[in-house]
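The block underneath contains the structure these notes are about, expressed in structure tokens.
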């Protein structure tokens, strides 16, 4: 499908500089622009590319003033990247939209599906599950008994949601994430074997949450594991039973949080961090990558780092001193030698 | 559905204290109890809640003696948590049970399914696979050629089992786990590229094992990767080719065990531990979280910790000393200064 | 099915020593060989087993000269392991092959499937996706809009590929891997909440790549995340948006690579390594297990290690010194005491 610069400008409420009749049928990065493509210049550090790009149309920020000649037709908008992304979304919805209920699809007779929600083929919806309005449930998703899904939820292919879990409005869950698997709870028998502790709680994911691909969130042993409003979780994260992740907390990939730990609001947890069970992390705390958090941190707003994790000041000093360790060892040896000589000299 | 305290007590063989006619239709945590719900008091540290709970019926341990007045009807049993979980399981089986073979389901003509096993829609069973009796195979599970599954096995949605793997009786596998993927084996060609080493072994999971969500267990290059009887694996664990995990060993989330390593019986491995290939860990060893195990540990029953991992005593000393490192650096500088002064004073 | 030693020898172009009429119907490891099985001896360290094995036929290397009597029929070939694996593959193709398009399968009318490609039941192929020739797409795989898949590609059960991703010839993707999930990109609003940054790029996987089970590779924010020719990725790896993995680089399980980082050619990255975003790793670099890479390393061919990672020489010294830390602390205390005494003696 082809679009003229004029059509695009009217969609994103932009001002055209150049030929409004030029057409595009694909997208490109500005540094790789080809004739017939639409690109954008958001970050000023890429400005040089605009003077050589072969892209036919480039969306730019309103305040962009070319320093050299530009061949492409420009469209000026408030925020070039956002406008570009919006166009793309509109294009995707038009051409790629999932609509209705594709067959074969397994929907239990007691399940309910809200208006305008779409389910792809090979989706499995179990007994008494409730799916809200305007949801997109992609292929090979399984939704357990009594699951409740809000409105405008997007569930990508292959996600599995165990029984009784609750998913809030506008939440997005990426492929092959698992929500509500059994918590890891066992008691030891006298012979060293284990007896399973029944895991009878659920997971409650509030609204505006995003969950990454292949992330796992276990159900509570009793009660709920919570992912609060607006929290963002990356890929391959482990959230154990009865954990509580605060509002607007962001967690990078491969983090593991052990059972019953409570994370505050607006925290930032970098990649591969591990946090032990039954501790509390206060609001607005930042945790550095690969840290091992072994205790509660109750002062809001601090940064912690290291394995075990300490406050930034202390852990920085430790990192610096650790790097100087071989040198310290040499100095210590020299001092010992000097001490020995000195003592000999003094007849001790 | 509503149940009276009397009905519940007879199901779990309990003694009623209070009104046997009061009814419940839902469950609650004792601290959040609402009228019409059934709760339980297991852990004595929550005892205070029982005097204020609004739950209509509370299951308690036989030896519980109220210190204050309790509004709820009590049901006394040997183990309150177990009784509660048992009730729940009975309830789930009644209302949520998977029965028979749902359609569409792909079952190869040469595959066999034992009596009373249930398969959900979108399950794929390949050539010559054998599934035992009383199994539950949930939606979107794939079972490869020649796989052998025992009796009373539960396989949650989305699990993939590669060809020739063996799954023991009563084993539970959680969603999106992958059993039997190719081991990571390549030989380097002269030009720096890789040739794949054929991975022709399998995975043998013995009886009473539990495997967490999104965990991956690779097939042996030749022979078998073993997960022995009663072992418990949490989520997002990596078990490489030819590993052998001993009986009743428990492994927490995000642990990675490299090829051909052998773990003893009744070991406990905490979260995010990494273990190199081709080593042995003796029986009853505990490995602390995030440890990096770089060699064999052959003394049974010890605890190891750290990256690299040492025995607990040594690693604790290292952790303590590391924390004092910045202070040691200061002291060392002071000593150097004093030594210099002393030597000057002594005319050296 | 039974095969005679003679039949096997002619398939792998081998020379028979012993009875050509003996038959086998299964495979075994040489140390566990049973009558009626075919085994092989590749690694000379297992040579002792060949004198006691009950396997009926054993494939050996051409240069193998028995030191004792061997009961089994031998078949001599250039490379015993390769010959054994080749046999197995032939056997698998014969008995297990996926052929044609199994039903039910969802294939969008605008999608195209090349000659001789096979799709299992419950595969979902979305709008305008193109699948090349001779591919095997196993059950419960989802292929997004506009995905392009080359020739001779193998996609194991449960893999999910998001829209617009590109998969090169002869690439193998293992179960439940996710290709092209949204990059983890958000901007912070004034109230602490997040706005999603549209992720409009894709993933390009070149030819001869292998991707492990449950590995996740995010789409670029704009442009492409690249996995270059011949790269090999193990299980449970996280590749963030806009990362570029060089040709023939091998990455072990549970490694995480943050956004926009560029890894050179022929690098080797051991298990559980984390690499921060926006750095470059030169060609032929080796990174030790569990390392935390916090900056670029631009010298090709070096080995780096530790958290944070330093060059091998330096990090080794640090590891050694760290282990001696408790001892250093004692020595430092002794020196302080001696210094104090010395100064007292000298009347200071």
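Labels A, B and C are assigned to the chains in the order they are written; within every chain, residues are numbered from 1.
By our rule, a contact is a pair of C-beta atoms (placed from the backbone, for glycine too) under 8 Å apart; a residue touches a chain by one contact, two chains touch by 3 or more.
Just so you know, these numbers come straight off a predicted model, no measurement behind them.
Novice: If you apply the touch rule, which chains end up adjacent to both subunit B and subunit C?
Specialist: Common contact partners of subunit B and subunit C, which must touch each of the two, are A.
Novice: If I superpose the C-alpha trace of subunit A onto subunit C, what rotation angle comes out, expressed in steps of 5 degrees from 0 to 180?
Specialist: Best-fit rotation on C-alpha atoms: 120 degrees.
Novice: Shared interface numbers for subunit A and subunit B above half of all numbers used, same, or below, different?
Specialist: different
Novice: Based only on mean CA positions, could you tell me how far subunit A sits from subunit B in angstrom?
Specialist: 24
Novice: By residue number and range, which residues of subunit A touch two or more other chains?
Specialist: In subunit A, the residues touching two or more other chains are 104, 122, 140, 158, 176, 214, 236, 254, 272, 307, 322, 325, 328, 332, 335, 339, 342, 346.
Novice: For subunit B, which residues count as touching subunit C in their complex?
Specialist: So the residues of subunit B in touch with subunit C come to 104, 106, 122, 124, 126-127, 140, 142, 145, 158, 160, 162-163, 176, 178, 181-182, 184, 186, 192-194, 196-198, 200, 214, 216, 218, 222-223, 236, 238, 240, 254, 256, 258, 272, 274, 276, 292, 307-308, 310, 314, 317-318, 320-322, 324-325, 328, 331-332, 335, 338-339, 342, 345-346.
Novice: Quick one: which bits of subunit B touch subunit A in the complex? Just the residue numbers, please.
Specialist: 27, 29, 32, 81-82, 84-86, 88-89, 92, 95-96, 102, 104, 120-122, 138-140, 156-158, 172, 174-176, 208, 210, 212-214, 230, 232, 234-236, 247-248, 250, 252-254, 265-266, 271-272, 289-290, 307, 319, 322-323, 325-326, 328-329, 332, 335-336, 339, 342-343, 346, 348
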